[in-house]
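In what comes next, chain A is part of two complexes: it sits with chain B in the first one and with chain C in the second one.
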Partner chain A sequence: MTVPLTELFLVIGLSAAQALVSATIIVALGLLAAFGLAPIRKSNIKKSIELILLAPSLMPTLLTIVASLDLASFFGRFPIGFWGVVVVHFFVNAGLAAVSISQLIESRLSGIIELGTIEGASKFQLIKLSVRELSEQLRNIFIFFFILCFASFSIPLVVGAQTGRTVETLIYETLLDHNHFKLALFYSAIQVALIGAFSLFRRQNISAPSLRRAHPRFLDRVSLGPFLWALISLSVLLVVGLLGGTAHGLSEFGHNSVLLDRVTQGALGTFFEALSVGGLVTIISCLVVFLTPSPRLHQLLLAFSVPSAAALGFLLVAIFDLTEWPDFAVVMLISVGFAILIFSTIHRMRLGDALLEIQGSVESAQIFGANRWLRFSKIIWPQIKNDIAYLAGLSALWASCDFAFASMLAGRDLTLGVTAHGLLAGYRSEIATIVALLATAIGVVTYFIFRFFLTLELKPLSPAPQTFSGVSSHGH
Partner chain B sequence: MQKKFVFFFLALTVLAFGVGIGRFILKTARNSDNRRKLVTVVVYAPTSFVDSYGPGEDLKKMFETTCDCTIVYVDVGSSRLAIDRMAFDPKKRVDVVVGLDLLLLKTAATRVKFQELNDLSAPWQDQLRGFSFRRFTPYDWSPMGFVYREPNKDLPKVASLEAALNELPEKSISLADPNSSTVGLEWLYWLFRTSTNVDESLRKLARLTYIVTPNWSASYGLFKKHQVPMTFSYLTSLLYHWQVEKDHSYQFMQFSEGHPVQVEYAAVPEACWDCAVAKNFVQFLTSVEAQKVLAQKNYMLPAVKNIPLDSSFEELPKVKTLGLEKIDEFVTQQPQLIEVWKKAN
Partner chain C sequence: MVIKNLIRNYGDFQIDIPFWSLPDHGVSALSGPSGSGKTSVIRMLLGLEPCPGLVWTFHDLDLAQLSIEKKRLAVVFQNYELFLHMTARENIQFAVSARGIDKVTGQIRLKNLAQRLQIESVLDRSATVLSGGERQRVALARALIGEPRFLFLDEPFSALDAHLRSEARLLVKTVVEEFKIPTLLVSHDAADIEVLAQSVTKIDKGRLVI
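Right after this comes the complex of A and B.
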């Protein structure tokens, strides 16, 4: 096996440079928009805005790419290559960054902003102070987006050309062009090692969040509304761009019984896949949580990264003869593969930090003699169930919109993602958009199912002891 | 109250989907049993063949009435991936592979062993004379070239590929990547076959290129979304716009040098399980009924003469096509040509 080292180093350099620029822009502009989002008081309006901001990162990537190209074209010709990848990465991820940072602002800046306001600090001073206070978390968010952009696949594949290549596209090209499976696995190993190395830059000892959330009245002092509205407009334009031309697609549904049949079957397959992926992520998360505190496991998970979606897909297809498998078993295999692929991202995104935040209380319980089960059920689970519910829901949502990995394994229209992919391969992109939107809708339902059921309070059957009314958990 | 309502709604949703999933599991388990009971023909097919609008479903129904068998399609994405998968694990069950491109036949024959097919004496189209082989049967085809929309004042009228490379505006075309797409190989072959200086032609094409995508669908999608004024595609792409969208603004640039043709083939691997039925399926693809379905659902031209078709097929421009000359030479030089093209970009 001859390794073309020059090409490999060139692609690693391009990937790293692109990821650095992408992550910097995403986090910088996401931070500015987060200062506009955090002070919004009405919960329903805030949730709606969050959903709008998250929409580009939740839509199937290929459709988002097309919408991004449409949108970017308003300002001139789309810059194919390095800058094209950066632009689409920004379009897709800026909303996610804004929402994540906004949650941090609310949970961590209560004291500092209130104190600063009382001391008469200016808006600029307060923002500067806030950024300094959040520096540990921002660093981790930056590393998260850096790794996401470094290992990006679909976006550089379509808009990257020669200057926007990534290691992941190199793996794909190697698999497809030369069918050098060993070389592709070698590249995958290099990518895993690099991601592991990047993970070492994460801040490990994060302080616990404040017990109470910052009051929106004080957060108004650091509000940067225009940046938020700019980002909302961007998300809306992207979604509207996707919807363009779907009316024609809708009318096609009534005329094609094969399509209708496959969409019905695919909707069930998608729901099954989303539930399975969400369930698997919940189980794996619980297992990780159950073993907390375990610094070695934490380090391992931070460094862990699955070789590559393309390599894993090809490997699974090579190992199993899926032709004879019942459809639900194939969907289950897709779900297992997808959960494996996604878990490292989930851990880096939130679970790892959430566990670090409660590590102190877990260690205290351990010192007081609480066994592992007591620690899990009484200390860890109540504090972390919201995070797990969010991550399980998000995984389910991503799984329902996935078409790339599922298409490699399915071999037939088992999920809506695969159906949409098939339609995209022909002339029917408008119908593919509708099918993808349907998959997203199923994903949203599954998201709420996990958010709702995993956070249910299981009340004891005996009557609860009387409490003083009017005393909130914030309890001044 | 609000929480109870949400709980009730979600519980109802879960219940409804639960019942659906139960039926999904039972139905698919039953389907799987049926597959084992009958003679099964496993067909590796490209996505466009088996998608909801592709010809696969109709052909399956038609063929299954003629035999006590079941056709099981496996969507392998592309013919290139089909070859990779068969070469990677030759013992894996595959009875038929469809969608093999003319330019990939040599690679396919080198990496996978195929059986000789039934003797076909089909009246092939004149342009496909010499295009059928003992191990590979052509079932549809189309000339390829630049598709554009009229009117477009920025695109000058050009009558040859040479003039097109010199006179068409910069960054005006989307192309599929020859590394990953057979459509990409077609334009590379076109330049190789018709140019006196291929390197120079590749550099000129790089000037015209706005975007190179991993596959034809992404390249064509960008053209449809008005990101580029023209794209490299099938002559028969026009049929979709003319028939379905009733839009006749889509046109094809005809060049005096002639156009490459994409011919799609079916073949039966040496390691097939139900080989006799598999060969019958391949033969069936050249029947009048199957050719009609293939032409109308795959938006391609029939490989066999005298197939009754929609009038829009007649309206397609009659273009000069390239024969089989220099194909072997092209296949041998393909890696070097791709390198030259990469450098030119």
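Right after this comes the complex of A and C.
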């Protein structure tokens, strides 16, 4: 096996440079906006703003990509390549950074800001002091976004071109263009090693947050409102871009009957994929939950991540001959692969913490003699079903717009994400906007299906047990 | 009751108890400063943390060889660990169904315990709205209803206000004596030990102090 080292080093360099620039801009502007978000006092207004800021990172990436392309079309041409990848990474992640840092400011800076205010420090001095105080946490946040952007796949696949390539797209090209599986695996190993090396820069054993949250009156002293409004405006601009693209796309879309047929078929495939991924995430989550408490499993899931989405996709293609498979079976396989890909993210995002929170009550139940099923049905599931419903719904939403993974396996337009990707490759971003919006709408519907059905209170088939006092155990 | 090889290395800290003899009746206390390893000892004996080589002989039975569920132990943790999605009654009834006790017996025991621990009026309240003292008594009722072989009380009064503590100590003492369940009280509070315990073992830096 000959390794084209020059190309590998070039792509690693491009990936690292792009990740460095992306993470720097994300954290810098996220930090400034966080100083605008933290002092907001009214909780409902604050929650609404957080939702607006988080929307681009919770919504499918495809939607943010088409919105960015539509927005750019108002001003000229989207900067495809290195800067295009940076721009989309920024749109997707800046709000998340702002919300995370705002929570840190509230939980960790109460003493410092209050003391500084009493001693008469200026706003600039207080902000400087706050940044220094948060330096370890900011470093970890920076490394998180750096790794996220370094290993990015779907964004550089659409807007990366030559200068915006990442190691992940190199793996994809190696498999798609040259069918060179060993080389792709070698690249995957290099990527895992590099991500592992970057993770070493994270600070461990950070001191616990303050028990008292800072009072918003004192946080006013460090408020940087304009940066928050700038970030909110960007989210609003993305919506404007989407609306503009929709208006253009609808007029073209209505006159294209071939596309209409493709979209109708793709919609079915998308709905099936979203339902399957949500269902699979529910099943895997239930399995993990059923095995709780299992510290080893928890550690394994924290450490586990699929080395490369591209490699996993092509591995599945290599194992299964999909040419003879019916469409629904191919979509099912896509769903299985997608669920495997995202489960570690789901676990890190919420499931792991939710399980840790109820670990004490699970241990208590075990000590009182409860078997695994009783612990699952009476203790764990009632306390964790909302989390699982949310995560299954979110997975379904993400899957609805998946295009990078699905296009590797499908080879044809089985889902709307793949159709939208094809349209984007043909520079038809307005029609792609309609298709992406339709896919997102399907994702939102499946999200609510999971939120509704998984949180239903199941009525027992037999009458409720009577207690000694003759009333139902739930009482009135 | 004899415990052997209660040994576990946590890296920067070690529990090292090669031999420990405890009375198999009444209340024994394990006392020591914060960070001395008291809670780790309980977690190892309960089976929540692995301790290969442990031997725990109790009435000719090696409890260390049994799974956590089969040991038939009970515990009142420092924060009580009530099931917050349930009412007080459901918390106690959970222990009844977990131990496989028939419903009639469970109801009789529940009535008796509720009277003794003065929790009849709060049985149908959600665990989330109970006061600290009520939570403690519900946790004790849940621990006792399954008639465990052995009861652990892990700093059971530390979450209570000072004026509630003395009252709670006397109530726990009366109930534990009445139910005749051998108990290990873990506490760093001399007053807890003075009121409840008939024998005391001290622990420091993971080792028993003779």
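Convention: the second predicted complex is superposed on the first by the 240 of 476 C-alpha atoms of A that agree within 3 Å, B and C clash if a C-alpha of one lies under 4 Å from a C-alpha of the other, contacts with A are read in each partner's own complex, and residues count from 1 in each chain.
Methods note: a contact is a pair of C-beta atoms (placed from the backbone, for glycine too) under 8 Å apart; a residue touches a chain by one contact, two chains touch by 3 or more.
Keep in mind that this is a model prediction, so the values were computed, not measured.
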item	value
First (chain B), second (chain C), both or neither touched by A:N371	second
Contacts of A:V444 with chain B and chain C, given as first, second, both or neither	neither
Which of chain B and chain C A:V336 touches, first, second, both or neither	neither
Contacts of A:C286 with chain B and chain C, given as first, second, both or neither	neither
Contacts of A:I379 with chain B and chain C, given as first, second, both or neither	second
First (chain B), second (chain C), both or neither touched by A:L315	neither
Dominant toucher of chain A (residue count), chain B or chain C	B
First, second, both or neither for A:G360, with chain B first and chain C second	second
First (chain B), second (chain C), both or neither touched by A:L268	first
Chain A-facing residues of chain C, complex	46, 48, 68-75, 77, 79, 81-85, 87, 89-90, 93-95, 97-100, 103, 107-108, 110-111, 123-124, 142-143, 146
Contact set on chain B toward chain A in their complex	6-7, 10, 13-14, 17, 20-21, 23-25, 28-29, 31-32, 35-36, 42, 46-48, 50-54, 57, 72-77, 80-81, 84-85, 87-89, 92-93, 171, 179-180, 210-215, 217-218, 220-222, 224-225, 227, 237, 240, 244, 299, 342, 345
Residue ranges of chain A touching chain B (in the complex, touch as defined)	62, 66, 69-70, 73, 77-78, 80, 157-159, 161-162, 172-173, 175-177, 179, 181, 256, 258-259, 262, 265, 267-269, 271-272, 275, 317-318, 321-328, 407-408, 410-413, 418-419, 421-429, 445, 448-449, 452-453
Chain C partner contacts - residues on chain A that touch it in the complex	360-361, 363-371, 374, 378-379, 382-383, 465, 467-468, 471, 473-476
